[in-house]
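Pasting in a structure now, in structure tokens, and then I'll have a few things to ask.
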Amino acid sequence: MEGEGSLLSVADLELWRGQRCLFTELTFGLAPGQVAVVTGANGAGKTSLLRVLAGLSVARAGDVRWRDQPVNKLIPPQRAEVLYLGHLDGLKRELTVVENLNLFRRLWGIVEPVETVLEPLGLDGLAGRAVRTLSAGQRRRAALARLGLSQADLWILDEPFTNLDEEGRALVEGWLRRHLRAGRLAVVATHHQLRLGGAGQLRVEL
Amino acid sequence: MEGEGSLLSVADLELWRGQRCLFTELTFGLAPGQVAVVTGANGAGKTSLLRVLAGLSVARAGDVRWRDQPVNKLIPPQRAEVLYLGHLDGLKRELTVVENLNLFRRLWGIVEPVETVLEPLGLDGLAGRAVRTLSAGQRRRAALARLGLSQADLWILDEPFTNLDEEGRALVEGWLRRHLRAGRLAVVATHHQLRLGGAGQLRVEL
Amino acid sequence: MLADLLNVIRRDLTIAFRHWSELVNPLVFFIIVATLFPLALSPDIAQLRDVGMGVLWVAALLSSILGLDGLFRSDTDDGSMEQLVLSPIPLSITVLGKTIAHWLVSGVPLVAVSPLVAMAFYLPMAAWDTLIIALLLATPTLSMLGAIGAALTVTLKRGGSILGLLILPLTGPVLIFGARATDLAAQGESPAGPLYLLAALAALAVSLGPLASAAALRVGLE
Amino acid sequence: MLADLLNVIRRDLTIAFRHWSELVNPLVFFIIVATLFPLALSPDIAQLRDVGMGVLWVAALLSSILGLDGLFRSDTDDGSMEQLVLSPIPLSITVLGKTIAHWLVSGVPLVAVSPLVAMAFYLPMAAWDTLIIALLLATPTLSMLGAIGAALTVTLKRGGSILGLLILPLTGPVLIFGARATDLAAQGESPAGPLYLLAALAALAVSLGPLASAAALRVGLE
Amino acid sequence: MWRTLTLFFHQLASPPHFYRWSGLFAPWFAAVALVLITIGLYGGLLLAPPDYQQGEAFRIIYVHVPSAYLSMLSYVLMATAAAVGFIWRIKLAHAVAVSTAPIGASFTFLALVTGALWGKPMWGTYWQWGDARLVSELVLLFLFLGYMALHAAFEEQERGDRMSAVLAVVGVVNVPIIHYSVVWWATLHQGPSITENAISGAMLWPLLVMIAGYTFCFGWLLLLQLRSEVLEREAGARWTQRVLEASP
């Protein structure tokens, strides 16, 4: 399964939570333009897997590499190549949408202005509102705005469609298609059906 | 629209958040066995409406009655007839699943034991685990276990399917069908398609 | 009504006792604060004795208020507060129950440990029973005041310090009466006067406090 | 590196200044605690003067540690911490920046207001500059220690009280040196010795503290 | 050479191995400790002459100094083990740190109590706030207790291990403060006397023997504690089941 041109490679991964083994011997490689769609029942280990891929936690055994570097040992500039978006939005409730996104831009060293991404997300009227006052879906949209701003090569998305309406979902799928067409990679865990057209999909069932 | 046999009646409701009017002159009535499915784009006001129906907040104008009583003035025994489940799970992270549900039972005066509801939800193995250590979907299932325990006549559900896998979703839909067949009522806000068979559906588009 | 109250108390105690460390913490905190004071003073026993009681009271005040920030916040953050508000139990009973539970976890151990600290500060033995009674009367008032403050700030982020800001001035009278009672007893006089006043304050706080907190909480959720 | 540090500081200051109350709070808290003490003491000026400095130091300690519980907790709860850990900025720089921001919001105002409190306690004028220098040297150490404690307890619920438990013993030396420096100055002697030691502790805390906090944070997220 | 050494240590550090050899060593530690402490007590209480200043009260030294010294040693050991466990993710090292904590806390407590009892005849007071030696030793006790409390507060063992390891390492700064406190500050407590040759031979040798005896006693207690800690941690493993079946 592991190809020559894999940028992200997972070998013999074995993951435990508490006393339970979630999976063993998970092996796959992801080449440019490919997306790994992680599916499985509630509690199968999708989030746990994604956190390992992002370098947030370490697996009991196995090896996860991004450009031949172990993911939890990436040097800072390389870390900017990976973008992780989990169940939590990672927004400060007290700050406005624009302030939140500007913080993100500054920490990641992104130059693209925030405004370009607000309009397609339907957030342009809400730019100055504290995140605390947004509806659940609007908050998720604000979190997803990072996808529009970032130049990361690898997106790791955990249930990106939570709380989104149909239009929001289509928008994110569109972004994902564009991302893959540009030769980048993504790992997406979701209970929804992903509509990605012709993009190379790798199904990871847990 | 408002029928004779309506247990829940909404008349001329007008809701504002901040400077914005979400909707005006919303009027409907819900009879036994009926479900109101609230749909609308992100930020349309579904959550706001449901909170008004539950008596958590008051609208700028209009009237919401449950059995001819204004919902925010229900006397305690009547409050037990309404069950609200919002975006947040309302579970204590440090307590186990069983402890959480027992707290709920005690406060609501429910006699049915917790165990009956854990098994169909797939939580029987997790009964003794702290909620903090559950996956997102397992947590949502634990919150939804309230539906299985409660004898409430009116369910008010905000995005019940968040984070649930296909099987969990079917389960909750099954419970909803049973609830309605028993001549009870529900208000459900969701971005998903509800598959409720022949139950009387009232669509509320915001 | 009483059954409801007991249910709420039981609920919060279950949550509080999840970690055994929660139980001993306010206590250890209290002891540590009380022992840190002498560190910052010049080591002179006569002085210690004079200062002892003041330190004891302020330490009691701070350690009982410290735990209060989370009284409603964690419930609000995880959605439990919505459930409590909608439950068939009247909100003021819920609030009363939560505050009593907090007092059981923070106030009572504090009273229990106070003789130890009094000993460390060389308080005269004669004042010990007064000290305990005064603390027993004062801590419920402190908890009730703290609950009002916690309810007021529950919609604000990071309530910790603003809570202190709101509550500390109100606790002034409690402190004054409490310190005076122990002072009088230490000098061999009758501490009845300030103790009655402390009792009156406690009665006032317990009867009106929950109503105020419940009202503040309702506004916070809307 | 420096730019990164400044970015983090700026981030946390933005968040802290969202409510103006955040800024004045530690300050008001500090003043109130310092003024509550005399209430609980018998009103005797001579005694006040003796006790004054000790009280000042403990009040400083408590008020700077009070705000620290939330240093990482709110970021962890809302998922921001994941983002910070994964950002291209080294985690120890992030931690350093956050702690500096916290110190700017809590430590600096405290130093600024200390002469007022010193005046209220009739501290001799000659000791004021020493007091300010000592506080300036001590508060960064306190903040760093608090940050370590906050990082250690970030995955625990209601860290507040256990945090006090872990951190307070380590603050003992800071308190001792700080109080001794002001004491010496008040008696007209040279406070250089304890001040040097305070500076050494500060250097140690600022250089090693962020590494320890970062390690603890990483474990917390795992 | 290096490879065989690391291999040797890995072998040693594997729980079943450790369990076996520690079972062999533990009684020897106990025996040596018993012999040394008996000799030390005999020499200290009967042979050594009464102090010309302090009379018989000085004999507390034979309990006080060894326990004070061991309190510090056990903290250093705990912190080192915790650091090793943290950096190389060695489970046995964490077990060592966790088992050391209660023993270290006991020795610290003993040093505090004997010191306080000694202080009454010597300084006229049991306790003196502001004395750096006494306060820093008390801080050491709080550090041990804090370490244990923090460890207990985590449900997941591994996270608790790693978190409390950070605390243990941070707390090491207190150890030099204890040791040098008598030099840095004007304290009631007396300065270093063993290393400065300020103590007569007849008083000194029983003290040294006592220190050695206490150290072996510490080693014995540690092995005992560690064995049960390891069993508890490996409760699910097959070798543990075999051990438990073998001992009724």
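Going by the order they are written in, the chains are A, B, C, D and E; count residues from 1 in each one.
The working rule: a residue touches a chain if its C-beta (ideal position, glycine included) is under 8 Å from a C-beta of that chain, and two chains touch if they have at least 3 such contacts.
What you see is a predicted model, and the numbers here were worked out from it, not measured in a lab.
Taking the mean of C-alpha positions as each chain's centre, the chain lying farthest from the centre of subunit B is E. Chain centre most remote from that of subunit C: A (centre = mean of CA atoms).
The geometric centre of subunit A is 49 Å away from that of subunit E, both derived from CA atoms. Centroids built from CA atoms put subunit E at 32 Å from subunit D.
Centre-to-centre spacing of subunit C and subunit E amounts to 38 Å, using the average Cα coordinate of each chain.
Distance from the subunit B centre to the subunit C centre is 37 Å, each centre being the mean of its Cα atoms.
Chain contacts: subunit C has residues 18-19, 21, 28, 32, 38-39, 41-42, 74, 157 touching two or more partner chains. Shared contact sites, meaning residues of subunit E that touch two or more other chains, fall at 130, 135, 138, 142, 149, 153. For subunit B, residues touching at least two other chains, in rising order: 87, 93-94, 133. Those residues of subunit D that touch subunit A in the complex are listed here as 4, 7-8, 10-11, 14-15, 18-19, 74, 78-80, 82-90, 221-222. Taken together, the subunit A residues at the contact with subunit B in this complex read 17-18, 40-43, 46-47, 87, 122, 126, 129, 133-138, 140-141, 159, 162-168, 191. Interface of subunit A with subunit D (complex): residues 54-58, 76-77, 79-80, 82, 84, 86-95, 99, 103-104, 106-109. For subunit D in complex with subunit E, the touching residues are 148, 151-153, 155-156, 162, 165-166, 168-170, 172-173, 176, 197, 204, 208, 212, 215-216, 219-220, 222.
Touching subunit D in their complex are the following residues of subunit E: 86, 130, 132, 135-136, 138-139, 142-143, 146, 149-150, 153-154, 159, 162-164, 166-167, 169-171, 173-174, 177, 184.
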